[in-house]
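Both complexes below contain subunit A, partnered by subunit B and then by subunit C.
What follows is the complex of A and B.
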């Protein structure tokens, strides 16, 4: 077990360091990614006006102020400091996307790699099920679950896991099917070792490393998708005071002509997150992985 | 390779997938926390609530065995009885189809804008690999594909608003609000019925959101066309054509383009689903009628039949487009093994 963890970590580090040496854009992207994560962790502690950031203090007399030394990004329509709002919203945006990316990764690997060793009829029906789940529109599914589960963040997370994990299952399935023909998977099966053991010991460690990186770079899209859902329907938050990038943008649209900074600041933050994660992933695919190189095939 | 066998296989597979989505949504209603009838009736409150729940119970047939109910549910979906919307008191199928056509119009126009631009950009870049233009277009396409659509739409809206463009928001001007047509595409309906004024008005209102939406396909298609065209340029038959001294433009047009049709068709099929969701966002910014508007009003009223209908309808359309894309790929690329 420890050995296979070591192998996975070693694979990831070697992929990262090789790409770091070759690609200039990768260096910028990974530094920016670290910066985003740091801001998400430290954000609530370094925010200049924490009470305004949480939405507790509302001062209508200071509404829609342009950026100034006092308020670096200006204030929104309730007179709250935008920078503090964004810093609080960042951590709220990143945590659910980490959950979505990694839960769906684990589910995908489990289903994708198990499917290859199962009897043929089950394998085929599983692949149909995956294709079925891929056809479900994530935003509408989130809306459905919001009615059923009461519009909490959990409903969005569940809906996104249901629509994201089939992609990982498909990638894992393709890779595991290639591995199945190799000797180190065939031999233990001939010796009579159980299929579960072979999957955990021989198949999963070999497909885990590239897929972990895939999941990391997909987090940008997940952040974008979550904020799109909150932007559209306003579900996933308990009150309008709560800092959330999607809701901030949705509210700022009313003051678009009078105070464009309330709209531009959060959307530029979102765009930066999405683009940085994309560039990070793309540099790695182009440098390395033949399976992931045709990534557009797996984009949606 | 296109064969009757393949067509039949794809047809039945997609039929099976459509059945699957209908069954999954039924299971969602059935195993939802709480009473299925309560959910289907849209969680009614007030003195008349028990009547609504009773009606829903009758409609769902809750005392029948599960498999019978699934069969009834599937039968109803295929005969067009999708229930009645709680919020609008209208048949779900009509509501969903009308809003869906509004969103589809946006998506279709954004593809009409995006495909020529992406083809031109991708070809230009593929012929000058490694140059400054190549780098520039790469970063532009990353920004286009990666930036959230509400940002692009909002900035475009802001620019147009500040420049005094008066055709913002809504599908047509309110004075043409009674205009109804056959297809649901206002731009096509107005031409059919010969109303040039309606056509111009709706087109001017349609173009800005379509332009905002088209940034995504431009970004993605440009990169994919660049990669697959440059792969084609390495092929033997293209090199042979170059060595024969054929004009470069006609090499691209006659030898390279046919080779990427299958890739582009496949990609457009895949992008379709994502663009439909993005269209909902753009509609929200430009205050247009459409699927996003419908769904957000349905959520407020817990309108379960309408949401189920919208989800199933969208899923069915996505399955059909993906099947079509696969068939086009099979036609254009005889080397694909099935």
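What follows is the complex of A and C.
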């Protein structure tokens, strides 16, 4: 078991190192991504005004100050240091997205690879169910769950998992269908080994590596989606004191004309995260599928 | 003489839109135990289907008709197929493509251990490993292969590992479905002689499916030439391949390059008929040089001629 994990990790590392050697965009993106993760981990410790960053200190007299040596990115309408707010918000944006990406990855692999070995009618109805779930809009589901579960970050995470895992389930299902015809999957079933065993030992390890990369490249979209939901509803955060990128952008819109920095700083951070993750994933994806290398030519 | 495999009036077909296409028709075959029986024929003539039927690996959408008896057990009885207890224990199949038979994410040792454990359930882990190493030495692989992954092995080693995997349950009959087709000339001979050695030492009945005449000549005791899903000539290997009687076999041997031969290679004109659209009468009529009237109307039965069986009107007295 440990050895098979090692092989999967080795596979992923070899893909990463090959992409690193060949692509400049990937080098820039991975350096930037490391930086973002470092900031997210260290942010709460290096923030200049931690109490303001958490939203505990409110000083109306210092509201909407422009960027200065004292406040590098200025202050918002409650007089809180924007840099500290963003540093606190980073980890709150990244951790849920990691949870969403990997829980839905595991769910997707489990459902997709099990579906291939089930009896035909169940397999077909399961794949239709997955396609039905694909049609579900995540934002509306998050709103519904917020009403049912009482507006916590958990409700957003659950809503996103429910809307994200069908994508992975479908990819896993298609890949497992390809494997099903190969002898090392077919013969053990004919010779009487159990289906669960074949799934765990033969199917899942073979589809894990490409799907992990898929999940990595999707994390940027998950960050964006979480911020979209908090921007629209502000749910998941019980009060406006909590630092969150989506909500910071939403509240800065009122002061857009007077203090554009309150809007620009969080939006640029959010856009950077999304672009960095997408470029990172795209580079690996195109390197992993040689056919897609020149895909941009198709646009012209 | 004990018969390992016996079939009488066996029909195997696959479902198409228009109906059932019978790939194998009226197959009467009896294979003695402890010999190597060879099925020769062109691609798409039903060799692999016969092999799969004996190994019990027919897909669920296949249709069967007639009888097939493997080791005194009636595995195909008209439409019913009962392979439990036979498939994977008494009959195993050596796959055509060793790369698809091995899981790329498991070591060879792990895969063999699991195969051994599946058949000998009361062995301890140490005994299982000992047995696996014994299997590896049996197919002439080093002990280091135990900890290697399939991608670290060459094509010939992969095929040897696949053979070891097939031998794990200690079978009586092995169906080797073109085991040499994906290898180079040297390895072809090496794998063929390995299989020959295993057949002799383990007292196996081997059903060897191939389209390479020199290999068949080297490995086999008896040969059956298949055309359009039926046996056209059957006999001992040296007899049939040195001195063919059926026009198809004659032409097939002429189409294969021989060492130091001065005669020109010829091909057989036309194409083998696709399953489901076999012609009336003898199935070789469109390509046969000796065709006469009776061939077009009636299909010849399989008749004994000396110590061989042949399906041709020319030898019908």
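Heads up, the rule we're going with is that the second predicted complex is superposed on the first by the 289 of 300 C-alpha atoms of A that agree within 3 Å, B and C clash if a C-alpha of one lies under 4 Å from a C-alpha of the other, contacts with A are read in each partner's own complex, and residues count from 1 in each chain.
What we mean here is this: contacts are C-beta pairs under 8 Å (C-beta built on N, C-alpha and C of every residue); 3 or more make two chains touch, one makes a residue touch a chain.
The structure displayed is predicted, hence computed values, not measured ones.
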Key: subunit B versus subunit C as contact partner of A:38, first or second or both or neither   = neither
Touched partner set for A:182, first subunit B, second subunit C, both or neither = second
Task = Please indicate which partner A:190 is in contact with in the superposed arrangement: first for subunit B, second for subunit C, both, or neither.
result = second
Request  = Once the structures are superposed on A, label A:260 by its partner contacts, choosing first (subunit B), second (subunit C), both or neither.
outcome  = first
Task = Determine, under the contact definition given at the top, whether A:3 touches first (subunit B), second (subunit C), both, or neither.
result = second
Task = Scan A:206 for contacts with subunit B and subunit C and give back first, second, both or neither.
result = second
Key: subunit C versus subunit B, contacts on subunit A by residue   = B
Query = Overlap of the subunit B and subunit C footprints on subunit A, residue-wise?
reply = none
Query = Which of the residues in subunit C end up touching subunit A in this complex?
reply = 56-57, 87-88, 93, 95, 97, 100-107, 110-111, 114, 118, 149, 169
Request  = Flag every residue of subunit A that touches subunit C in the complex, lowest number first.
outcome  = 3-4, 7-8, 182-184, 186-187, 190-193, 201-202, 205-206
Message = Which stretch or stretches of subunit B touch subunit A in the complex?
response = 13, 16-17, 20-21, 24, 28, 32-33, 39, 43, 142-143, 145-151, 154-155, 157-158, 161-162, 220, 223-224, 266-267, 270-271, 273-274, 276-277, 280-281, 284-285, 292, 295-296, 298-299, 302, 304, 307-308, 310-311, 314-315, 318-319, 322
Inquiry  = Looking at the complex, which residues from subunit A come into contact with subunit B?
reply    = 128-129, 131-132, 135-141, 143-144, 146-149, 151, 220, 224, 227-228, 231-235, 249-250, 253, 256-257, 260, 263-264, 267-268, 270-271, 274-275, 278-279, 282, 296-297, 299-300
